[in-house]
Amino acid sequence: MLWDVEQAKKWIKRLNDKIQENKAYLTELDQAIGDGDHGLNMARGLQEAASKIANSHYDDLGSLFKDVGMTLIAKVGGASGPLYGTAFMKASLVLKDRKEADRNAFVAAFSAALDGLKMRGKAQVGDKTMIDVWDPVIAWMKSHETIRANELVDLSKEKMEDTKELEAKKGRAAYLGRRSVGHLDPGAVSSYLLFASLAESFEKGESAP
Amino acid sequence: MKKLINDPNQVVDDMLAGMVEAHSDKLKRLPDTNVMIRKDAPVSGKVGVISGGGSGHEPAHAGYVGKGMLDGAVCGEVFTSPTPDQILAAIQAVDSGKGVLLIIKNYTGDMMNFEMAAEMAEAEGIQVAKVVVNDDVAVEDSTYTTGRRGIAGTVFVHKIAGALAEQGATLAEVEAVAKKTVENVRSMGMALTPCTVPAAGKPGFELGENEIEIGMGIHGEPGIEKTSIQSADEIAQILLNNILEDLPLKEHDKVAVMINGLGATPLMELYIIHKKVSEILREKRIHIHETFVGEFMTSLEMAGCSISLLKLDDQLSELLDAQADTIAFKK
Amino acid sequence: MKKLINDPNQVVDDMLAGMVEAHSDKLKRLPDTNVMIRKDAPVSGKVGVISGGGSGHEPAHAGYVGKGMLDGAVCGEVFTSPTPDQILAAIQAVDSGKGVLLIIKNYTGDMMNFEMAAEMAEAEGIQVAKVVVNDDVAVEDSTYTTGRRGIAGTVFVHKIAGALAEQGATLAEVEAVAKKTVENVRSMGMALTPCTVPAAGKPGFELGENEIEIGMGIHGEPGIEKTSIQSADEIAQILLNNILEDLPLKEHDKVAVMINGLGATPLMELYIIHKKVSEILREKRIHIHETFVGEFMTSLEMAGCSISLLKLDDQLSELLDAQADTIAFKK
Amino acid sequence: MLWDVEQAKKWIKRLNDKIQENKAYLTELDQAIGDGDHGLNMARGLQEAASKIANSHYDDLGSLFKDVGMTLIAKVGGASGPLYGTAFMKASLVLKDRKEADRNAFVAAFSAALDGLKMRGKAQVGDKTMIDVWDPVIAWMKSHETIRANELVDLSKEKMEDTKELEAKKGRAAYLGRRSVGHLDPGAVSSYLLFASLAESFEKGESAP
């Protein structure tokens, strides 16, 4: 099956809905070990991104991803803005001129997004950041011929939950040292929502690549 | 949440509008941005100096825009780093061809957004240098982690870099003196009460009736430990001890002192803190060149304070003493 | 009560000690008193200008001691008028033979204590004049009662009388311009939260989760009415309406505006208030000569603000613009 | 019977004890309709006055009253300092060079004190100030040959309580207008304590003049 512009649009809409729903929750998580704005940041940025793409026509996935990335960079701010923004920008390079993505292109795009996150944030797996969700999820995508919605959501959820026991080494939570243990990483949760909304859109027959 | 605001999502825009109205002799706002620049920017023959970060730290950073300090301040959402497009707009607006120094507080978000903007500006042929302020000794200094936060000591960097830029120095010289200032400044804070990001609607953390947080950051990030309330003398001693452990000073060394209120602390209390600080420094025969007491880098309506010490040599003290004419810092 | 203090009964003494340490270039403290005077007092050939009152209003009043403003500030206990012996000591210390003007806020205690001191000074052959500031339109103006309170508008009186005194004017001239300033200044405040006198240990009043007090005085004296929280725009409108009813201004009149924080109000919120104030004045075609936004006359850690308007003529605006070099007010 | 320096000293000591006991209460009353310092002011001033006279020798009542008056003026501050201070100063003029006071001298001294209060504060009866206690008490003293302790305490208490229903016209409570009704006037209460401690010292056989 192929993943096309319409499906990508639906995904972003879904992701935005999920983020708006969880705005207060993400902010609460960030209040515990950060500065209490992650929900506000993500909600502001995704709202803009969702309405931007809803009102635009795209001939290819690349330009859609680029618009999302640019919007996130310009509207989110904080740490998550440049990170998510860079991820979408890097993916957009892979998806340039593609009307639709097959499994390989899809995985290559998400893999480029992860590379972007790492390049921008310089975090390692285990540092208690969104990387702790992205890295294993992308590795799993790469090694599985079929991207099953339920597996995707389970894995990203599990990895998100695992951040609870980690001690933060990067981002604002790192200032807390040991006191960061016992709290979920807010960016890991928003990343889980990203993959969960992707899985949902696959389930809804919006089809997986 | 009781605040003098209209819409929690419009506080930065409303504030900047009020600020421009109040200080149109000194400041202008770049259209369609949250960037405040000197009325006379770009100043020809002068290196541009820019700082910024999340809002909620007023008078930082727009309060320091003016002759002898900053050319521009980029104001993010409350406690949220501004975005690269805004920072780029500020760089473009203040560059007179001599290049621009970015003074960045060491937070992941600020670092990434300012870096992206710097790359974009360089791509346009603008010379950009960056200096990262990490004066907060409450946080362990480690290259494996995010490292230390930038807090009130940043204001000294603005002042000193701004003074040298005003004299017509090159970008490399302004960058060097800014770095020297960073190397010689240390700070540490504490909080009595939390603060509420308007759009979040509730306090970022909680402190009991008799609890304080030692090592509090300026975004409500938790500090080193919660303890029960102590006397002003004890608190001054704790903060200063931590600073002096990290910035070894010997007899006859010269320092500038900043006793900074976090937003809701009466000046009275800041002076009571300074009484002890000056006592301790006198005992150690450390000479106070100048003391700044007031609100310089706040955290919305948080009650508490930070202490900063800047070790001075002749160049730094001369630049600290140089003329400055901004809203919040006049010399 | 969580405060950065040592002993609740020593806060004034500790504060003044810290203040002298911090600003020994500008201020000195008269031995065994709570009187702060200009380093170079008495200034020969110059009328002395003194103000004072209870402490807890910092930077008022010691923050305004210096060139171009006050020669001396007499600091009472928290919210308690200073005593005549202290005021007398201040008068003696700043008089250079040209006489001394006392700027008194209209509170029964201040009136009586300053009057007694003035009588004593006159008995010693020192010329003394008094001006009483009563700018608070929240209180009914009546000769049968105590009349109106003096609040933040007092700072304008310090500035303008101080500027004229600095120019070498006579006591009668300085007194006259101070009275003119009083006649042309009006203020009104409001509070979001109460404040706690350290020695009392608990808040002077209570406000509910969503309650504010309109017309609040600077000692926690209740105001006109308690209402539920409103938007910054509405609050600005209410305060300004009351002021404008009492100080009729016509098109093209020129005013100075002060948006004063009561101690715990972030600058952000004061600027948001000013946005609306400037809008309203623009609509009425009233020209703002200068705007002052910050903490000028506080009420310990009270959250809230006051707005002051000073109607200017050429003399007043010239004196307002004149040089001043104090801790809290520099021009 | 005659009222001498020893008895006056005991009265001031008693008054100071009462004020210290009621420090928080007086402050609370002042919080309701003033600025919450009346107890602090009175406690500070009377403590000083009491220790000043305890450590001094006086040949006459006049110099004792003068010391109390001067101390109150210099240590109380606010409105109550000049008022009580002036009252004692004016009384000291009447008691000058007197080793002891008979009824007439005693009443003349307190009457001079009241004149001092009125001269200083310019308040009328009914303005909800300490005058509302002082004025009727002094009138009663003048018209009664014998100053009976129980009558003195009852009258001053009654007049103090009557201030509750008044609307303040002078002092800080005047800013409240109608909202001052329903609260006792703090200065009326401290004045009641002054007369009550006087009555108590009479009862304790420290003798009335």
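In order of appearance the chains are A, B, C and D, and numbering begins at 1 in each one.
Criterion: a contact is a pair of C-beta atoms (placed from the backbone, for glycine too) under 8 Å apart; a residue touches a chain by one contact, two chains touch by 3 or more.
A quick note: this is a predicted structure, and the numbers were derived from the prediction, not measured.
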From chain D, the most remote chain by mean C-alpha position: A
Separation of chain A from chain B, taking each centre as the mean of its C-alpha atoms, in whole Å: 32
Centre distance in Å when chain B and chain C are each reduced to the mean of their C-alpha atoms: 29
Distance from chain D to chain A - Cα centre to Cα centre, in angstrom: 76
Multi-partner residues of chain A (each touching 2 or more other chains): none
Multi-chain contact residues (two or more partners), chain C: none
Touching pairs - complete list by chain label: A-B, B-C, C-D
Interface residues, chain D side, partner chain C - complex: 27, 31, 33-37, 40-41, 44, 73-83, 120-121, 168-172, 174-177, 179
Of all residues in chain C, those that touch chain B in their complex: 2-6, 11, 14-19, 21-23, 55-56, 58-59, 63, 192-193, 209-210, 212, 229, 231-233, 235, 257, 259, 263-275, 278, 288, 291, 293, 295, 298, 300-301, 303-305, 330
Chain B residues touching chain A - in the complex, by the definition given at the top: 54, 76-85, 107-109, 112-113, 116, 138-140, 144-146, 149, 197, 199-200, 204-205, 217, 219-222
